[in-house]
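Order as written gives the chain letters A, B, C and D; numbering starts at 1 within each chain.
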Amino acid sequence: MDDHQPLYEAILIGDGKAARAATEQALAAGMDPLKLVQDHMMRAMAEVGRRFECHDYFVPELLLAARAMKSALEPIRPLLKNQSIGPSGCVLIGTVTGDLHDIGKNLVIAMLEGAGFEVVDLGVNVPPGQFVQKIKEKNPHIVAMSALLTTTMPAMKTTIDALKQAGVRNQVKIIVGGAPITQKYADEIGADGYTETASGAVALARKVMA
Amino acid sequence: MDDHQPLYEAILIGDGKAARAATEQALAAGMDPLKLVQDHMMRAMAEVGRRFECHDYFVPELLLAARAMKSALEPIRPLLKNQSIGPSGCVLIGTVTGDLHDIGKNLVIAMLEGAGFEVVDLGVNVPPGQFVQKIKEKNPHIVAMSALLTTTMPAMKTTIDALKQAGVRNQVKIIVGGAPITQKYADEIGADGYTETASGAVALARKVMA
Amino acid sequence: MNRFNKLAIDHPADLRFGIAPKPLTTRQGLKLGGGIVYPELNFTLPPMFVDESTMPEVREQYRGIIQGALARAAELEAPGLVVEFETLPPMTEHPAWGIELTRILLDGMAEAHARHGLKSVLRITPNDTREMERPPRMRSGPLFEAMLATFDGCAAAGAELLSIESVGGKEIHDEALMMGDLRGVLFGLCVMGVRDMRFLWTELQRIADKHGVHCAGDTACGFGNTAMVLAGQQMIPRVFAAVVRAISAVRTLVGYECGCVGPGKDCGYENPILKAITGFPMAMEGRTAACAHSSPLGNIAAAACDTWSNESVQNIKLLGGMAPTVYVEQLIYDCRVMNQALADGRDAALQYRKWLVASDAALDPQAYVLTPESAVAIARVIVNAPNHYAAGRAAGLTAVKLLRDAHRDGQVKILKRELPWLERMQKTLESLPAGENQFIDEMMGVVDTSKFVAADYEL
Amino acid sequence: MNRFNKLAIDHPADLRFGIAPKPLTTRQGLKLGGGIVYPELNFTLPPMFVDESTMPEVREQYRGIIQGALARAAELEAPGLVVEFETLPPMTEHPAWGIELTRILLDGMAEAHARHGLKSVLRITPNDTREMERPPRMRSGPLFEAMLATFDGCAAAGAELLSIESVGGKEIHDEALMMGDLRGVLFGLCVMGVRDMRFLWTELQRIADKHGVHCAGDTACGFGNTAMVLAGQQMIPRVFAAVVRAISAVRTLVGYECGCVGPGKDCGYENPILKAITGFPMAMEGRTAACAHSSPLGNIAAAACDTWSNESVQNIKLLGGMAPTVYVEQLIYDCRVMNQALADGRDAALQYRKWLVASDAALDPQAYVLTPESAVAIARVIVNAPNHYAAGRAAGLTAVKLLRDAHRDGQVKILKRELPWLERMQKTLESLPAGENQFIDEMMGVVDTSKFVAADYEL
């Protein structure tokens, strides 16, 4: 089976309908579902990631491919109940109290989801207590926080303090980002990682989980 | 006796020879030395200070006047042994370890001396231990430190820590200045005062001693 | 509502810095757009919380900023100065704080006027805090009320220019940007954005009238500049951001239709288009706003500016002084050159403008769509369109055409990987329905309607 | 030793930015002074100690600075870049540190060249640590040895341009400034300074020759800029600082007499005079160096620059990125305009130069003495003088005359309280003895000789 397989292509160009159709066809032809995922879907997503890294793809292509992958997985999921095609890890994400800046966070979500992470989006202006509560509920591997204002970045520290107070700090890795944030500030508040750009978030998430 | 007195004038224009001659003449004429100091010399220096404040005088005029005042005081000092014409206060000054920038410090010295302070100049690149030792020796009211580099400003904290360690911190007021220094930094390291400009040093010194 | 149906500046040569057909004279007599470019200083707090307990420190910060910056401006003999106070969200949520800080700034400005004769005017830019709730309540509720109260109190205190970076339409536009979806962009900017602008600026005009101050202008910051930042990070194509910029002018225009008289808000890089349409003076930011963000528009942004801004800088210490003081110095020197060129007459100013434009235009499609020629061309199709939807579509198509032609003629560098996007965008725009109602019907079936309150947009 | 006895640039119209009669070509092929103005980026550490224990963090800082700044420069397609590494004193005292950091910067530059084709060249500026001892040992001792070792190691590592802000003569000059004493100024600059420069740059030329690199140039920073800062704080008259600037050119010139080929060091505001004399390219700093210090020379400083510098900025975070990255962006945009004007030919460049000059010259005597006309006039009397002492005196007298005439003709604003100083300075300069020996004899009886080691100055 080679790279020119329709499923691989459909994901690469972000055509969800075609990807699903190709999957159903392959299943009907008796293909092993797990093999389908590993040999074609995963490889297509890896190629999408590579193209994005090289700046041949932009975010829209990345997101469309991720959506096509989701469509293609639908007929497969029921067949793989007991096998792990689960996510690389679970990330809880939000902008800190007082901060309303969506799009950086949303980009990070897109990057992470594109890389196979499960992401729980708490939205913007998230109070420390809500981070704590959701950690208890969702048991994520990583908590990601962003702040775009010099006057909201101190809320990162407040949030980490609240996590400590609640005894959940050590259950998660904490990563932070946003225009006024620096590596130094991340170190000072005791975060586990910092990235300057949204596209650095995937590598960072993998690094802190390693 | 009025403002047009030769002594007053001589100090105002910074003519040391004339100032001394006028003083000797006045003493010979039986003038009370203390009155001479208070009514003429001090008043001249106050006027010099005022002109400097209004930017009518520059530093050179200020320094020349201070020198003229010194000359004029010479024949008077022996007559006033037991009376206080002493300085407004004693200031120990130096740039911190690693810092070589003279002129800001020297300006502050000039301003302080012009305002009647006694100043002990420790020079540049002064290690914390030397500050401690000189405090013990000279018993100053104020310790003034300056730093012009971002990499020498941390030595201010080190110096204050050394003063604490040596148990002399509370004997003195500490004032700081220099390009990278801020009020916030001064507060953080526990200094008693900060001034942005050399010309602010006098007001600051008076304030911390009040 | 005053629809602009012809251009105030019909010829690209008349679209230039320092001169606006309809200048604005402030209470102290600054004539913005009247032949002199003025610096416009912006600033923000260093990293710190803003709450009841830190307000004493916050006051000190603003007092220090205004004193330091105005002293420097006086020293350098600035011909005048626009000060912009862009509040931080807590200062809009607590109008009393925003108003008090406005007074502190005005006091500093009055003192500099009394002592040094330095003329200045305050622009107040409260936050569009309506988006603190999701979905946002755009036309009512405590956040909305507090925002209006901030405007009202600041105008009463003496802030003469009212601005905001309003967010109506962002609920849909954000995702449209990330998906490279021009239909969503049009819906966010020219349907939702236009409707919210019309509502909001009608409210603000009421406040301005009450206090005898001016509605200055809005900016499509959260739209066009978000696109620019994403393009700068190579997240979306530059040509896409360039087309978004052109379309964004339609949204920003609504402010002027409702009574704004300029200067348009600094971060509205679409402002040259609006100057051509309205004739009002415009604030712009460029290279000297690198403290706030990078841009491919550092010089070209100055080509048609009437005030020249640094966008925003924290009040932190640089070796040469506090950053706002440093930046006011840089702005003043920038303005000095422009004003020297202006003093030498029309041809001289056009010579300088040529260099400002040429130095950026060929390097990035986002710059190319803002050359005086491009800006006037886009402005023209906007005023000729029957409604905002059609105007947005026409602006987008014109931008695409300008870029295709310029690329063909070797006048602008467009990366190979972006070329398919030009075609894709053209197709998308051409395939749009002719009527706004049909477009709305189509889009309401596609967009995530849980993200906004349809009634707040008359939808 | 090569005394310049005629001007390389005889006519003020030929003293302009981007073009030097004797351009310098770097190993990667940047031609400084060859028709393009290049940005020159400077930076320093944020508040932190530099010692053995912090060196890992120091390395990270410089790595981060160079990577961030060069990435931005590549993005903005800078035509090339000069990077200046002005060390901090511990890095000169411990040559191994300075050399290692030089390598880190060179690695970053090589990488940007390989990846983006960005050409750059490194200027290394160790500290004149000789003054760490008082009185300084100028010609021997461990501090001196370490300083030379730093130069040697950095040149070996690949730093192609050698510079320093040397301090010889400062021992006397500092107090002379504070006392408004022009005789002391002359003694510090043209007797002591000249002698130390001659010694020091002969040593540095040996090192440059050994490694095939260039002596670039010195600056009278601790003299002329100290005067400028004091004048800015209203501590000394501006006219005094202006005259000091003119005289300081004589000291800076000695570097070129000993083999320097430019670009002269950025903070030498006297550089236009030296460009006229030597024909070598010059670095200058102005408005975009407000991060490091205010100046009344923000635009005029660019009039004759070949590289355009920000002087120094801490590696701290601004909203738009780390400050060195922000400043490289600003410099690049500044240079783009100059290069556009240059591309339009001589008259166009002179048009732009006119605005740069005119925008500052009338406002401050320190700017006025640096107009192309003033610079050439001062340069001319310097090359016509029989020796450095006479040259300094002539430069001072010329500056005074230029200012008196300009004030009379209403071409420069001089504050009333400064006018007596013009007269006073003229009298002082006119009353000086004709011969250097007599002057030295007089001065050695007056100055505080405990502040310097006379033998180190052949005195």
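As a working rule, a residue touches a chain if its C-beta (ideal position, glycine included) is under 8 Å from a C-beta of that chain, and two chains touch if they have at least 3 such contacts.
For clarity, every value in this text was computed on a predicted model and none was experimentally measured.
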- line: Looking at Cα centroids only, farthest away from chain A lies chain B
Message: Count the C-beta contact pairs for A-D and for B-D, then tell me which is higher.
response: B-D
- prompt: Roughly how far is chain A from chain D, going centre to centre by Cα mean, in whole Å?
  reply: 52
Centre-of-Cα separation between chain D and chain C, whole angstrom: 40
Computed distance of Cα centres, chain D from chain B, in Å: 33
- line: The distance between the C-alpha centres of chain A and chain B, rounded to whole Å, is 63
Message: Give me the residue numbers in chain C that touch at least two other chains, ranges are fine.
response: 44, 314, 319-320
- prompt: Got the chain A residues that touch at least 2 other chains?
  reply: 150, 180
Query: Touch graph of the chains shown: is it line, ring, star, complete or other?
result: other
- prompt: Who touches whom among the chains?
  reply: A-C, A-D, B-C, B-D, C-D
- line: In their shared complex, chain D is touched by residues of chain B numbered 55-56, 58-61, 63-64, 98, 100, 102-103, 106-107, 110, 123-125, 149-151, 153-155, 180, 185, 197-199
- prompt: What does chain D use to touch chain C in their complex?
  reply: 44, 72, 75-77, 232, 286-294, 296, 298-299, 312-314, 316, 318-321, 323, 326-327, 329-330, 332-334, 336-337, 339-341, 344, 348, 351-352, 354-356, 358-360, 363
- prompt: Across the complex, what residues on chain B touch chain C?
  reply: 150, 179-182
- prompt: Given the complex with chain A, which residues does chain C contribute to the contact?
  reply: 44-50, 88-90, 131-132, 134, 170, 174-175, 177-181, 226, 230, 233-237, 314, 417
Query: Mind pulling up the chain C residues that touch chain B in the complex?
result: 317, 319-320
